[in-house]
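Consider the two complexes below, in which chain A is the common component and chain B and chain C are the respective partners.
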Partner chain A sequence: MLRASSELAARMKEAEGFNAWACFHCGTCTALCPLGYEILPRKLFREAMLGLEDRVRASIPQIFSCLLCRMCEENCPAEVHIAENIRTLRYLINRQEFGLK
Partner chain B sequence: MSLPIAPILGILSDNLRKRGSVLPLSKRTATGWARGLGLPRGGETILYTGQMYQMIPALEVMSAQMAALENSFMTRFFGIGRVFNKFVNLSFFMSLSASSEKKRHSNQVLRDIAGLLREAGVEFGYLYEEELYAGALVHDEGMDEVFANHARRVAERLKKQGVRRLITVDPHTTNILRQVYPRYVKDFDIQVQSYLEVLAEAHPEATEPVNGEVVVHDSCVYARYEKMFDQPRELLRAAGLAVRDPELSGKSSHCCGGPLESLFPAEAHRISGARVDQLEAKGKNVVTMCPICKVNLSKAAGNRLIIHDIATTLAACRRQAAPNG
Partner chain C sequence: MAHKRRIGVYICHCGGNISDHVNVKEVAEALLDEPGVEISRTHMFNCSDASQQEMVDEIKEENLDGLVIASCSPKLHLFTFRAMAERAGLNPYQYVHVNLREQCSWAHTGDKVGATEKGINLTRAGVAKCALTHPLTAIRIETQPRVLVVGAGVAGMRAAISLAGMGLSVFIVERGNEPGGWASQAGRMGPDDRYGPEVVANLLAQIRNHENIILYTSAELTAKSGHIGDFTATVRLRGEEDVSLNVGAIVVTTGFTPYEPEDGEYGWGKPGVVTLKDFRQMLEAGDGPLTYNGIPVRDVGFIYCVGSRQTKGDTCPEPNTYCSRFCCMATAFSASLLHEFEKESGQTINQYHLYRDVRTYGHLEAVYTNARADGALFLRWDPKEPPRVEQSNGRLAIKVKDTLLGDEELELGVDLVVLATGMTARKNDTLNNVLKIPESKDGFYNEIHIKLRPVETAIDGVFIAGTAQGPKNLAESVASALAAVVKTGGLLKKGYVNLEPLIAEIDTDKCVWCNECLKACPYGAIERVLCGDKEVAMVIDSSCKGEGACVPVCPQDAIDIEGFRDNQIMAMIDASLKELVAA
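Up next is the complex of A and B:
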């Protein structure tokens, strides 16, 4: 069973610079990622927007291993700011999980 | 066991907050490159190194240690390391054990940049020990509040010095000062340009071909964040070199893996290895324009490639073209 956190979902809505709403899951980002992680970034963003806290927490290593190289972003047809979205997730994890500001 | 993310980020954050840099350097290490150049102190136009090149020798020591610790039982003790680092600057020891040859090389790149700018008729000063690291890594890792406080500190210092224009030497410092500072620091209106842009604007006269060929590795940050990929090629061609592009170049450049060095060294090595294969397919002499790209690709390439910094290459071509100059 999946547990959704309305608090995380609300945070993602409010997060300045987070614009994954336009993503239509074409998979360009996944195909181009030099790391070759299947999860990054489309599935991850959707999980965050739905407030699936446990799923996001399980992806912490992937979130922090993103190169922020913008290869995906440069080619995203929906013009999602993927690198900035990843940074936003890092910011939230740093505050909530690691006690870092 | 993977390296623990939280304590490592904690150390970087603590260092920036308490010591003004993620990898604090002594004043001598940070400013030694300028010794004997007679650069004016301060001024409206400043060559801003952001201490990136100076950090590289210590960063190499750190990343070698991280790679050795990855998947070892020692990862459990990083939390203690963070507490210890609050009282004793651990990076000081990394800087001490860095090779003097690598320190000399980093300093020479900065001296070459200063020389190229002077030769192009650009007047500039340097802030010496007043110059601070700009904070890119802490911003990338999402520690926004620590970054914002640091950015304000840097901006105040620049304002106090009367700086109106910054000439930067690496992509990360260029991007953070040009694109990110205005979002975090109210009324930040200092003009920021990479030295490569400044040199390209000066339209260097083409020299005689020097019978050389280089493969260009674009930095992700210059190419995709700053849309700057023509200028390095123009400068290399004007210096007399033939320029070759690897399979992925310009705005489609492949990352060097450098951003993962501190948290995921094995992954960093995998990415840089893939890039080395692409570069090697086009030639042996590779030119980089970011100190992090250079160090990461050099490590992965071993003897397969010769990796140069673009400033060193440009300066060497100028010297070769005018041996008595």
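Up next is the complex of A and C:
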């Protein structure tokens, strides 16, 4: 059972530059990502927005592998600032907001 | 037969649709031998302007008094050729249509010889019928310039104002104490943020100012008699006093009933599980923080499609299979209202929107886009595994499988669950007994044709509009109300209406008033009258549809339907079996 965290979800809403709520899950980004991780980027964003700490933490290698190439962002029909959002996640992880010690 | 008939027969190729499988030349030649046939020829397209002009000229030159068109289905071109007959100075009821396409060529594609033989027989039958036609005139009815609108929701109020604007007098009958319908309780409404009660108040002010509109509240339609253009309606006021209204048409705008969830359905009955209507009213209630039972709300889950798009199952023997249309937009719009509240109050509230498919069609898409842009999280669930709502640690927990996150179940702790309940047909037994408007399988009133005649019903002079006809948002309810206004205005502003004269006729010598025809008639078109001292049946011309239920039940054989008289039917049978009869 995945448990959403109300606190983290609310925290995401304050995170600067993060706008993945606009995503409507077309899957374009995942299909285009040269890294081929199924988690990147839409599923990862969903997990962050729900405050699923464990899941986000488990995806740290992928989050830091992202090339910021913007292949995804360029083609996103919902104007999600994907690369920016990934940076935001890196920042939050560095600030230990996802329970990282 | 008094005099020899002069009949023209025109066989159509239908550009090959008929002539590929029926030898039309052979049919035309065979028909020349029939009694009364003066002309028999073929056209590539009977309906083309050139062919019609040729036929008009020939009818005039040859002084024809009968016309047989053998072509496609009369559903397609009956009125085309009636109009053509009139242009040629021939009474349109002396034209007979034979269907050589649907009933012959298309049905016998592999058998040209057989199809040709059948084509000859069908056309012969048409000629035999035509020989027994006589000129008829349409029944003309004077229409009353007054309209009854049943139901004063937004659809009914809007219709009344526009009808009155056309110069018609309008009576509105509203069953409740107050006009307005559901819009009065819907708070701020999407997509353009109009306040429901204010929309209603504006309409009501216009109604009060209009001298041509009378609004009855706490009133119900309890009886109706008469026919299109001239109805008498009985309206009961406050359950005691009756008024009688003479109107030319009736517009039914009785609206919908919100779906009432079953006990336990998505947690219905648990504290904190509310409908969208309750939620809109909570948002409006006060200046303080948004609370439920005194506890500030931090997380809200919206569940979409409640009571709509159901599939049949043990718990749902009679599913509402339709989409309610308004709820995706109305719920996504509520997301923006909640965001606005969040910004103004500083109270942080997470929103989870649990949907099946988002149906914010057309320009309503903007409502969905805005809701997401502002931070509402949309999660999609599969109807095979709908979300469950449980109580846990003094809060509510929604358990759902988000299709994006895969198989693992997700638990969302929330303080409020808002159910986007759909629209269902309103129970309206009294009204249904009075008006007898046909209903769809979902219980909403049925239009004649969903695309081409969306506000007319099988009952002439009775129109439907708004959500009484099926789920609609406010704008769509108003659009359909205005469509009904146009149809009503078209009917009543002319002052008269022409009805088909192809109706029942009773031979009063034969009739013994046994009452059988009255019992059989579904339109109430039979009346008892005195003919001298004798009680006999009489047909109310304007109510009879020529449907024919009375004909076979009459033990005296006293009834004939114009256009389908017994002697015509017998002649058609004889003609089509000519060879067999002769042999």
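The criterion applied here is as follows: the second predicted complex is superposed on the first by the 96 of 101 C-alpha atoms of A that agree within 3 Å, B and C clash if a C-alpha of one lies under 4 Å from a C-alpha of the other, contacts with A are read in each partner's own complex, and residues count from 1 in each chain.
Heads up, the rule we're going with is that a contact is a pair of C-beta atoms (placed from the backbone, for glycine too) under 8 Å apart; a residue touches a chain by one contact, two chains touch by 3 or more.
Keep in mind that what you see is a predicted model, and the values were worked out from it rather than measured.
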Room on chain A for both chain B and chain C (clash or fit): fit
Following superposition on chain A: angle at chain A, chain B versus chain C, Cα, nearest 10°: 130
Contacts of A:N94 with chain B and chain C, given as first, second, both or neither: first
Touched partner set for A:A10, first chain B, second chain C, both or neither: second
Which superposed partner A:E73 touches (first chain B, second chain C, both, neither): first
First, second, both or neither for A:S65, with chain B first and chain C second: first
Gap in Å between nearest CA atoms once chain C and chain B share a frame through chain A: 22
Of chain B, residues touching chain A in the complex: 2, 5-6, 9-10, 13, 139-146, 220, 224-225, 251-252, 254-255, 257, 259-260, 263-264, 267, 271, 274
Interface residues, chain C side, partner chain A - complex: 298-299, 348, 350, 352, 358, 369, 372-378, 380, 399, 402, 404-405, 408-413
Touching residues (chain side chain A, partner chain C) in the complex: 1-4, 6, 9-10, 13, 19, 21-25, 42-43, 46-47, 49-50, 78
Complex contact set, residues of chain A against chain B: 34-35, 60-61, 64-65, 67-71, 73-74, 87-94, 97-101
